[in-house]
Structure formats: structure tokens, C-alpha cells
Amino acid sequence: MKARHALGAIAGIAILGLALQGCAGSTTPAPASSSTKIDGTGKTLDVMIGANALYPAEQKQWFQDVSDRFEKQTGAKVNFETFASANDELTKIQTSVLSGQGPDLYNLGSTFTPTAYSTGAFVQLTEADWKKIGGRDKFIPGTLGISGPDAKHEVGIPFASRPFVMAYNKDLLAAAGIDKPATTWDGLTAQAKKLTTGDTYGMALAYADSYDPWKFVWAMSLQAGNPILDGKKARFDDPTTLKAYQTYFSWLTDEKVVDPSAIGWKNAQAVAAFASGKAAFLPMTTSTSMVTLDKSAVAGKYAYALMPTVPPGAKTTPKNGKPATSIISGDNMVVAKYSKNQDLAFALVNMLTSASSQTSYQKLFGDLPTNAAAAKKLEDGNAALAPVIDSAAKSVGTPFSGAWGDTQLALVNVVVQSIPSLSTGSLKVSDLKAKLATAQTAVQAALDKAK
Amino acid sequence: MSTSTPVKAPAVTRASGSPTGSPVGGRPARRPGRSPSERNRPFWMLAPGGILMVIIIIVPLAIAFVISLLDLDQYTLRSWLQAPFIGLQNYLEAVTKSSLLRSIWISVSYAAIASAVTLPIGVAAALATQNAFRGRGLVRSIFLIPYVLPAFVVGTVWRTMLQPGGVVDAGLTGLGIHAGLWLNGPQSYWALIAVQIWSSWPFFYLLVLAGLQSVDQEVHEAAAIDGAGWWTKLRHVIFPYLKGPVSLALIISFLHNINGFTLPFVLFGVPAPEDVNVLPVLTYITSFQSFRFGLSAAMAVASLVLIAIPLFIYLKAVRLDTGEEGKRP
Amino acid sequence: MTEILVRPPLLGRKPTGRLNADVTRLLPKPLLVTIVVILLLAVLVPLLYIVLASVNSDVSVASGAFFPTELHLDNYLKVWTTVDLRNGLINSVIVSGSVAIICAALAVSSAYVLVRFAFRGRLTVLRTLVGLQSIPGTLMLLPVFVLFASLASALGIQIIGTRWALFITYITFALPFSTWVMVTYLRGLPRELEEAARIDGASSWRILTRIIVPLSWPGIVVSAIFAFLLGWNDVLFASVMTDRTSRTAAVALQVFGATQEGGAIPLYGQMMAASLICALPVVVLYLVFQRYLVGGLTAGGVK
């Protein structure tokens, strides 16, 4: 019988594979005994890091290089594992925390640091720990803003900086007689309106993205003096938040400065629209978009600028408002408490945050350095990146609370649930207020549970 | 116990070339001693599967139940056994303060509609490919493709097609229809159903095709001699044979639809639009985004109970499982 | 195609004319043609879209074009370096393949006992097999992980991150349905041979391996294929239980898809190409085993 042979063949291959895997799986590193001189001979350090969509091949190469260098230094190998998305990242953290086993070192998106901190599963850095990674002073002070609730309780070591900026199409702006991008949201709206002609739109936005929208709402609210989470109080019901949502939505419904399709766009599609020259502004992007843009129709025709810092409806920053250009964005590294190779992990962090490593990392992947010396060097020689570096200095950290994850979710959820009425152009203020009230209840509950 | 329909199919096997085929309407007389043996029962053969299921399904299920009674969140996750025991509070919160009931309703109705629509499609496809024609083998293979594509791929492809300005919109606009949003708002519910149907009808098709093969030649001949029209023949002769496969396919596809996570997750992302906030996505978000593991487990356990009870009643009613034992007088 | 071979001899055309030739016909021809055409279109149009998108430029797919503006066959070459498909496919074949075989073996032996022997609680076991399908994977994810982690620390062996974790999980999750398929199949098998063997003094094991298994190949193939598919398509468990070396194709694909969301224009073309490449082994498997698949569900008939 043919089926039997075929099954038999598959069985043979499969069992062989499992047997091989069995051999490979049994090489678990032995627990480390820490001493001053780090000797990691024969050990393997597990590191969890986000998969790089733009440079998968380069990233693979970088993994290998890092491991080789580290082995030369300490005798230990580095085994990198990647997560695909923020969801993946959270799931991995949770399962590891729950089971007390997993990667030794995590490279986290900066806004996840509060969540990681709240689990209590990551090493709070002591004076001695900071020393092991070359001292706290080697980092740009701003990048440390979301490492912990305060300077004495920090878990996150800044590894990469990705502040948000706005890209604009120089040609389109020049053609419309606009000499430079606006610094107020109202001004930006006016410019976008002027730039919307035919099938070219003033802005490219991603209303259906799972992350983009909250950054707008948060920035506008904060600039008006509302950090959304104010100590133990959620402030979704604040008029500044309402105004922020209305502004963000009005670009689509009232001002019509965005492609109507943007209602279903993810971030990548907004980038694509800008890259094809169909949009004048691409707000809320990072220097990583450079890769795509330099290969696109707008190559050489675009520049970065700071996003507006004056809240909608205002001419200047209000008294209690903060002129934030971006959230503190990038990657923080955290060391797992359950790790038996903590010293090795610190040694690796030290290596990866050295000025030379950071400079080469920037060249490879476009993320800005967190190492102060490397950043200084970069600033001196790169005019195109100047606004991005400037934005890094003017970034403000999102509230450091265990409830931030829920807050972010609630902020985006208001947009998601508003989209149907936005598409018909009939979002009523009362509806929006009701949605904000729901969000307020949910986030306040999360905040009340926060420890 | 057994139906009085004269065409209850005997278990004739082609594969074994068994000679026990019996005439239409007949059933082999039950001989004494043919009931499942009660001597030398090799229970050890059940052991490997049984042990696996106990360890990998029952134990985790018990753990999940325990978790549903704990206030397990990001703050207590690290030593979960020490998380405060809060009794049924999670259940209370799930029912009163979360969108659980709404999600259950969405999930159950969507699963039922999708299963109900796939049923006639699968039956029609099986009937149409039952008789040989040129290229039938190819047609049968093509029919299976949607079923073998991973849910992740199906979700990604349809999301790309259904997005505003995507090919579906472009196609409909060409026909003069401005359909509006597919991936959010009320229509998203129907989009989910449509995609689910697209990817899962071949399962019905397969099971029905199988059922059709058990119709004896004699049955066809008898119907032909009676001069029955095609519809009468289907209705009164063929369909009774399909009761079993269709009932099983209904249950399995209903349950798979209810528990399907990947498709809605990939199609709509998170946070999910209200209209497609199905149960698995709700529990996933509660658990893995909001870190409310206790609450999420309570939601899942509650819905499990809600689904399992009607399921057992249904199983008893359709007597899928009774086999020969059920026919005992 | 192989269909011709499996057509039961009974259905063969007899020379006696119209009555016999058409006797098994179920639908009038126009209706039959309509159904086949509609269903083919419903299946093939989205499928064609995938194929076309896989050779299209990314910008063109993003803008909603159905037909490629320029042909990018290189997507099929590039994708092997962008996604770790090779490794993923190897892992998937190993894991799903062994799951399929072991699961079918366990299913046939369990089903044999459940069908041929009477015991208290038999019906409960059978119903539980169906009932187990109603347990959501999202509920099981964390507990199963906890279980493996504690087993690992208790026994000192690493399970998570290896293929064993997936192997054990998938076998167990596939077992209920596979057993069901075998139960319905075995019910259709005649008992005469077994009874004769038993009178000759054969043990249950001997009867199972020498009589039941050889007679049940179609059913075994069906349960194996359903088990294979479960392992092949799972993303939920595989995404947390594997590491870079043990990652399956489905996860590699999902990782690829998910990383495309942020930053730049997604590599739609390569994504579609990768999807097709990942679906191909399963489609081939279906084609190879198709006659067993249909036959395997048939012999018992699901009655």
C-alpha cells in the first residue's frame, strides 16, 4: 500500500528529527557562580529582542557578530530570540515571569518598561549594577526617563532611541509656498488644508493602527497639561482629551486633509502613501522610515521636522502644559531576576551600549544611540538627523504606571470604536464623550489595582 | 432507538471488501455475542492517549480553574500560587462589568450562522462532485485549498482585500456599490462570517462526501425504478444518509468557529471593533494585554460551561456517539 | 486523476444503457455545472489574488491593485532570506509529521477499545472526546506553559523551546478528533475476522496490529492528516513554546507578517509568496492522500 510507505517514510524522518532535537535540547547552561572577573566559558546567554522587519538579514548578521565578539570577551555565546510584535513580546514576558524561566535579557519597547517593572521580575539596578554597565552617566539623561518610577528604582537600561518626528515633502511644501512646517497643531491643520489638492493630501495618517493613534492623543493632551494618568487619577474625561480626539478625527471628517482610505490604514500604509508622494506630511514617524523613504519616489525630497508642541486651539504652550515632541521612545534592556547569568547579561549590556557599538548599530539599523558620546558624534556629522536628535532631547516619558498598558489600550480603543461613525462622517460629540467615559472607568479601575 | 426510516445504512465497507452488504432497508440481524466484548478488555491500550489527555488537557484545565479563582495579574504573576484567593469575584466581574455576555452572544451567533451557511454549501459541493466528470479530481482538490491554508494566511489575505480602497472595494465600486467599511462597524461581523465560510466549507464538503459514499448502489437503483425526480430522491433517499456526518460536522465546525482565535485576531487586530469582539479575542486581550489572568480564566471557564452544557444535550439528542450500543432494544 | 481508481466498481458504467449510467446521478446537469462553477470561482478568485500579489510589487499591492503592474518573480527567491522559511518548514514537517503518526497510532488503539469493548463510562468517554473540542486554546495557553515549566524544573529537563513541547501539545489536542474519526471508522468494520482470530486465541494486541490496522488504513490516514493540519497551522502555542531554532513555518510566517506592520511598506509580495510556499506541502499532502481521505471517512460512514 502506497500510503503505508509514505507514512513510514515520514515517520522515519520525523523520529530522526526528534531524536536529533533531543540531543540539541539537553545542552542547558549550568548555573553561573558570579565573581568579579566574568568568565562565561561554555555558557550561553539568552537574549530576547524585537525582530527587525526592515533588515532581517542584517539583523541575523548582527546577532552573529555580537555573539562572536562576546565570546571573545567572556567566553560565553549569545543566543538571540526574536519576537514579532508587541503582543508577542508581552506574551513572552508573561510566560517567562510566570514560569520563572526564559531569556536572561530582554530588549523591550520603552513603553513596556512600566509593565515589566510592575511584575517585579526584573533586576532593579543598584549602584554596583550601573557600574558593571559602564555607569549611569554614559547615557543621554533624557533616555533614562522611562527606566523606572524614579532614579533610585530603575530596571530599564536604554539601548536604542527612536523619538517620533514628522516627515514632510519639501517639494509639495515649496509648491504651496510654505517655507517651514508649523509648530502648532492648528498651524499644521491649516498647512495640510492648503496642501490638499486633487489626490494629494495634506497628511498621511493610520487610523486603524494599533499604536499610532494614542501617541497623538497623548501628545496633544500632555501639551495642554493633561498627562492622562495623573498620579492615582485617570483623566480621560478631561476636556483636553476630548479636544485631542476631535482634532485627530477632524483631519479626516471635517478638514478632509487625509485620504479617506486612511480610516483603514495601518502605519505602514501611511508611510507608503507618503513615500509615493501622495501626502505632504507624515506625522508620528521615526528615523527608521528613512530606509523606505530613501528608496521611494520621495527620495531626496523629504525632510524631518519636530512635531507641533502647541496643543490644538492654542497659540502658545499653556502654563501647565509640557511641550513634548514625542514620547520617550526606543528600547530598554531589562535583566531577568530569575536569570542565573546576570553578570554576563550586564557584561553584554555594557558591550552593546559602548560608544562604538552604538555608533555601528545606528549605522546598521537607523536607531539613535543612547550613549551620550555616540550621540554627540552623530549630531556633529548629520544634518538630516538633527531634528530627530533634537526630538530625543524634547521627549517626555509616558506615566510610569503598571496601568499604562491598559491606558494605551483604552486610548486606541476609543479610536477603533469610533471608526464606523467616522466613516459615515457622523461622530457626535455625545458619542465620543460616552466612549471616553467608558475608557475612564476601565483605566481608573486598572489604576486602582496598580501597586 | 434507531430510526424507522427504511434506508438506514448498514455499515458496509468498501475498503475491506466485506461481503456483509445487505439489501436496502435491511439491517443484519443482531447475533448474540456481537455486542462489545466484556472479557479481556485491553484497557491498557487506552492508557497512552488517556494519560496524555489527563496531563495536557485535564491538569491545565484544573490549573485554569484555580487561576479563575485568584486575583492573578501582573503584580502577582511572579509567584502565582501566592496570588490572593478571591473566590467567585472574577466571575462576578466578568458577568457584570466586562463585555463577556456580549462577546458570548457574538461568538455563538457568528459560529451558528457560519456553520449553518457552510452546511448547504458543503452538501451542494459534495453532491456536485459525487458523479464522475472530466476534471473532477482537479475540482475536488481545488475545493480543499481554502481549508488547508493556515488561518493566519487566510486572515492576512482577506484583510488586504477588504481594507478601504482594497480590491473588494474597488470591485464593488466598479459595480456601482459603495459598501463602506468591512473591517470595522456592523459589516465587520458579516465580513468575519464570510471569511470563515470561505475557509471552512470544505470541512463540511469532506464529511458529506464521505457520507455519500456509503449510499449503496441498490438504493440508487431502487430510487431510479420508482422514477423519483432528483429532488425527491435527494430529499427522501439520500439526505437520511447524511444525517450523521452533517450532525458531526455541525458540532465540530460550530465549536471550531467559537474557539477560532487566529482569524478574527488577524483580520481585525486588537483592540477588536465591538461588533467582532469575539470570545477568544476578549479572553486573549484580558489575559495577555491587560494582564488580568484571573479574570480572563473566569471568562473562559464561564463560557466553556455555557457551551458545554447545550453541547452535551445535543450530543445525547443526536446520538452520534451511541453507535451500535444505542441500537440495542 | 486518482479519482478514477477509487470509483467503487459498483458505480462503473454498465452497458445496459441509460438507467444504469445515470442511476447514481444526484443533480441535474445544469444545476451541477452551476454549483461547480460558482464554487470554483469563490475559491479561485481569492486564490488568484494571492498568486498575483505574490509576484506583484509591494506598493502596487498596498494600493489595492488586483493585477501586477510589473512582474516580481524574484519575490520567490528573496523570501528565503527574508523569512527563516527553510528552518521553519523543516521544523513543521518534523513536528507535524511525528504528531500525525503518533496521534493516529494512539487514536486507532483507543478507538479499538472504545468500539469493541463494553465498559461503564464508555459513552461518557465518547462524549467527552467531542466535548474537549469546546475548550478554547486561549484558556489553555498559560496553564500548559506553567505545566511544562514546572515539569522542567521538577525533572531537570528543558521542554519549552524544544520541539518536544509542541509535539506533546499537538498530539494531545489532536487526539480527541482523531479518535472520533477512528471510532466511526472502526464501527463500520466487520467483526468476523476478529472473532475468528480470537477463537484461535489471538491477543487483543495481535488483533489490533494484524487485523484492525491493516483494514483501517484509510481511517488512519484521515486521523493522521487532521492531526498534521492542527500542528501545521497552529500559531498560538508555537509562538510561545518555540525559540529561533525550533520555530515552525506558521510562526515564521506570522512573525514575518507581524513585523511588517510597523515602519515601512510591508513586503506584501514576499508575504504572499511565503504563504503559498507554506501552504504547498499541505496541498500536496492532500493530493497524495486524497483518495484515502475521502475513503477513510467513508468506510465507517459517520452514522
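Observations on the structure shown:
The first chain written gets the first letter, and so on, giving A, B and C; residue counts start at 1 in each chain.
The rule is short, and it goes like this: a residue touches a chain if its C-beta (ideal position, glycine included) is under 8 Å from a C-beta of that chain, and two chains touch if they have at least 3 such contacts.
These numbers come from a predicted model, not from an experiment.
In terms of inter-chain touching, the protein chains here all touch one another pairwise. More inter-chain C-beta contacts link the pair A-C than the other of A-C and A-B. Work out the mean CA point of chain B and of chain C, and you get 15 Å between them. Averaged Cα coordinates give chain A a centre that lies 38 Å from the centre of chain C.
Annotation: 39 Å between the Cα-based centres of chain A and chain B.
The multi-chain contact residues of chain B, meaning those touching 2 or more other chains, are 80, 163, 165-166. Among the residues of chain A, those touching two or more other chains are numbered 87, 91, 94, 98, 100, 210, 269.
Residue positions of chain C with contacts to 2 or more other chains are 63, 142, 146, 217, 254, 257. Note for the complex: chain A touches chain B at residues 87, 90-91, 94, 97-98, 100, 115, 118-121, 208, 210, 259-265, 269, 402, 405-406, 409, 412-413, 416-417, 419-420, 423-424, 445-446, 449-451. Looking at the complex, you find that chain C touches chain B at residues 1-4, 7-8, 10-11, 19, 22-28, 31-32, 35-36, 39-40, 42-44, 46-47, 49-50, 53, 61, 63-66, 106-107, 109-110, 112-119, 122-123, 126-127, 130-140, 142-144, 146-147, 168-169, 171-173, 175-177, 179-180, 183-184, 187-192, 204-205, 208, 215-218, 229, 232-233, 235-236, 250, 253-254, 257, 268, 271-272, 275, 278-279, 282-283, 286-287, 290, 293-303.
Those residues of chain B that touch chain A in the shared complex are 73-75, 77-78, 80, 97, 163-166, 180-181, 183-186, 269-274, 285, 288-291.
Residues 58-59, 62-63, 81-83, 90, 93-95, 97-98, 100-101, 142, 145-146, 148-150, 152-153, 157-158, 160-164, 167, 217, 220-221, 224, 239-240, 243-246, 254-266, 288-289, 292 of chain C are the ones that touch chain A when the two sit in their complex. Taken in their complex, chain A has these residues touching chain C: 1, 3-4, 6-7, 10-11, 13-15, 17-18, 21-22, 24-26, 28, 50-54, 56-57, 79-85, 87-88, 91-92, 94-95, 98-101, 209-211, 266-269, 271-272, 275-276, 286, 288-289, 291-292.
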